[in-house]
Amino acid sequence: MQEIEVIRIKEDVQLNNPVFIVGLPGVGHVGKLVAEHLVEELNAEKILEIYSQHFPPQVLVDENSETHLVNNEMYVCKTEKHDILALIGDHQSSSTEGHYKLCTLYLDIAREFGVQRIYTLGGFPTGQLTYSEEVLGAVNNPEMIEELKEYGVNFKENEPGGGIVGASGLLLGMSKLEKIDAACLMGLTSGYLVDPKSAQSLLKVICKIFELNIDVGPLEERAKEMEKIVARLKEVEQQQKGMPEMSTVNDEDLRYIG
Amino acid sequence: MQEIEVIRIKEDVQLNNPVFIVGLPGVGHVGKLVAEHLVEELNAEKILEIYSQHFPPQVLVDENSETHLVNNEMYVCKTEKHDILALIGDHQSSSTEGHYKLCTLYLDIAREFGVQRIYTLGGFPTGQLTYSEEVLGAVNNPEMIEELKEYGVNFKENEPGGGIVGASGLLLGMSKLEKIDAACLMGLTSGYLVDPKSAQSLLKVICKIFELNIDVGPLEERAKEMEKIVARLKEVEQQQKGMPEMSTVNDEDLRYIG
Amino acid sequence: MQEIEVIRIKEDVQLNNPVFIVGLPGVGHVGKLVAEHLVEELNAEKILEIYSQHFPPQVLVDENSETHLVNNEMYVCKTEKHDILALIGDHQSSSTEGHYKLCTLYLDIAREFGVQRIYTLGGFPTGQLTYSEEVLGAVNNPEMIEELKEYGVNFKENEPGGGIVGASGLLLGMSKLEKIDAACLMGLTSGYLVDPKSAQSLLKVICKIFELNIDVGPLEERAKEMEKIVARLKEVEQQQKGMPEMSTVNDEDLRYIG
Amino acid sequence: MQEIEVIRIKEDVQLNNPVFIVGLPGVGHVGKLVAEHLVEELNAEKILEIYSQHFPPQVLVDENSETHLVNNEMYVCKTEKHDILALIGDHQSSSTEGHYKLCTLYLDIAREFGVQRIYTLGGFPTGQLTYSEEVLGAVNNPEMIEELKEYGVNFKENEPGGGIVGASGLLLGMSKLEKIDAACLMGLTSGYLVDPKSAQSLLKVICKIFELNIDVGPLEERAKEMEKIVARLKEVEQQQKGMPEMSTVNDEDLRYIG
């Protein structure tokens, strides 16, 4: 396997007025919930899979005991106004350089399909458990702001104060260098839980932008499923912490014997 | 030394009905115990050694005070039904990218020998100290399930919930992309100790699959030896933690002076 | 995007008696405060931007909700005696090898412009909250010491005892191999806070060296701004720590399941 | 600067009966103390310097406030029986792959000079504060054991139990693959302090091997100096830990905002 490997499921894909939407794991899994919901509800077609040494060395196991190598995938959702190229996946990069390399690839593919605008979806952690319907925005071109305000996106000076970390941020920064307009839309969320309510707020904004009519109800159920998986993963992690260290030498506190 | 270096001990190896079995260090050392037992009991022949910058920078010291650079090794075990290509070793990769690169190599070698099926052996941590004879399975092709059930392997929806991490999982994921059937067989184990009982349960399944008649008793002794080594390694680690840090700058919390 | 990418804002830049000044983030942000103040007060012109996979995968968000990919930038400040090539930026490298690679690039660019001397600016942590006006120096060529003493720089045997970590130190070490004179000037600071007072002391030394007349007052305000940003960043970090781990497998304590 | 850069100080070096001795930082700094003492007492000549991206991004500051980029160096010590090629230095590699790459370079250079035997020097941590004169050995060829026993080296079954980590071990492992005899000689030491007494015991063995007559007294003083440096370095580290994190995003617990 190469450092990054793209497997094309469908060749000769042509897109009309393509827009690129990115919903990878992150705060409250808000972006992932929304993008996966779009893919499902719009009967999207998978066009390619991305595998990489920058993802964790792991397979997931499904309800049939079948394993799936962790990856990212791109789908095409046909809508009246736009063909949506949607990026969803199991993980973001495990390493700093991997983030840059994968986002470079995502942008290369987006450009190949003629994408003129990018929306990255995510959650913005408030640290508060009270619910908010707010969707916060950041853009790589201020000319987008007025239009997005009309769809219900809020903009606040210097927010998010800590910047935007990971693919959601990096894609805005990198596409700016190539003069492609991009916005990051963030549902406000506590940051402590998988958050379907925040995802519903964000989905409503997306529906306005793309003039879609999508049932936001199933998001609750999808979030419950995801919450279960996150819980299982945490349980395994806890168990692993109690186990004897099987690997002797730990790269990070390497001291020398002898 | 190259990033990964393969030293062929025996040239022109031809295998009949080859199956690839992988038993590297992991939870309860179950997979390693079983694979090393097979190699010993079946008088396997070593055909190659693998050294890599992705293993810890370490030598082991044997009973004669002789050092051995940590590595992985492949053996051939001749049985009536199949020639078993067995991968055993001291360590898995220290890094994420190393896992991918080493598993790519393992698969390349397996394909070179015409391997049509892969079994990766491991332990599944229950967090419980009560003993279980269960062997859990996951596959990269659902068609294998019925056959494996007949050998006593259990399959459970979405188990293991946290997926399978390391070479045992990665090999299933990667071989699926190349249409090679692979199963991961996991002995249930507490996760806290080297576990010969779980290894015995797993070995019994392997014996059924390959129609072998192997004494499972010596596994107890082998496990005791391994437990001693793990204990020694932990002791050294503890001592190292009390020592003055010899290296000033630690990559991971690098802050800037000056 | 390449591993390191240089975007030239202005071509065909010619510098007179060029000196290279480096003020990147570090202890008390002393060096960054001074260099950014110089760039502002001397109406410096930006000549190039540096992006790299060795910076964090992050964008910053400004007062207009516009994102900016983290980078380093070089400016030219025209003064009577020298043209100052100034390097400022958001971050130093996230990795050890990135430090070496980025400093190699900085030196290549400095040499391209004919730079004959380098000053790296930083803070020296005292661990004391009492204020000191002292500016400590270290050089890669002892012949510079007498001259710098006249500008008010102190030199102490074996100080800083822990050496100088990051770009401020590395640039001295690497430029020595190429016979370019370089000094690191460090304002003494507690090490616990962004420190405009220490920056004022350091700026006074710089003004003597370059025969400049710059108002040091605005540094207080600039420091307050920077303190706010640092506080916001820390807040976000705290929130993140309370969040459920979204990514299952953590590279650093990778153990093997299965 | 390249990933690893070798600067030859002296060209056309020819060695008689060359033996390679390695004394890098490690447990109790025993190996470093002995090798540096040899270099000093035998008026050794420096023949080359090694710089690398795998060392920390740091300069050291000497008594004249002059900076020195951290490196490793090779010297030639002329003795009646052998020319000793000695490797000493400030640091070992910061990364796993760096250990392998640097040791590959060390071996390449040793082979270039016709080295037939290698001694790596180190400390073996007992965790006990009681003093021991013992010197423990490990070899990559059992034929060396009888000879080394005559020089006073002890050999114990499976000791050190945790193997040998870092350059001292790796060089034995890697030179074995190239059929060069190598031994690791370890002075027993508590592991908590720089240990001149253990270094004296080890030096006595070295003197027997090479039929040298060297004063072991100055080692006490050298160790005191080294202890001071280690203390200063630790102090700086402590101060750094109290400081505000200047760099926002930490590679190792990267979670995604947005």
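When the chains are written out, they are named A, B, C and D in that same order, and each has its own residue count from 1.
The definition used in the following text is that contacts are C-beta pairs under 8 Å (C-beta built on N, C-alpha and C of every residue); 3 or more make two chains touch, one makes a residue touch a chain.
Values in this document were obtained by computation on a predicted structure and should not be read as measured data.
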Among the remaining chains, which ones contact both chain B and chain C?
A, D
Rounded to the nearest 5 degrees, how far is chain A rotated relative to chain C when their C-alpha atoms are superposed?
90
Would you identify the chain whose Cα-based centre sits farthest away from the centre of chain D?
A
In terms of residue numbering, is the interface formed by chain C and chain D classified as same (over half shared) or different (under half shared)?
different
Centre-of-Cα separation between chain B and chain A, whole angstrom
33
Centre-of-Cα separation between chain D and chain A, whole angstrom:
47
Chain B, residues touching no fewer than two other chains:
25-27, 56-58, 92, 94-96, 125, 138, 160, 162-167, 169, 184, 233, 236-237, 240, 243, 245-249, 251-252, 254-257
So in the complex, the part of chain C that touches chain A is made up of which residues?
1, 3, 7, 51, 53-70, 94-95, 229, 232-233, 235-240, 242-249, 251-257
Seen from chain C, its contact residues with chain D in the complex are 25-27, 29, 56-58, 91-97, 99-101, 103-104, 125-127, 137-142, 145, 155-167, 169-170, 172-174, 176-177, 184, 191-194, 230, 233-234, 236-237, 240-241, 243, 245-247, 250-252
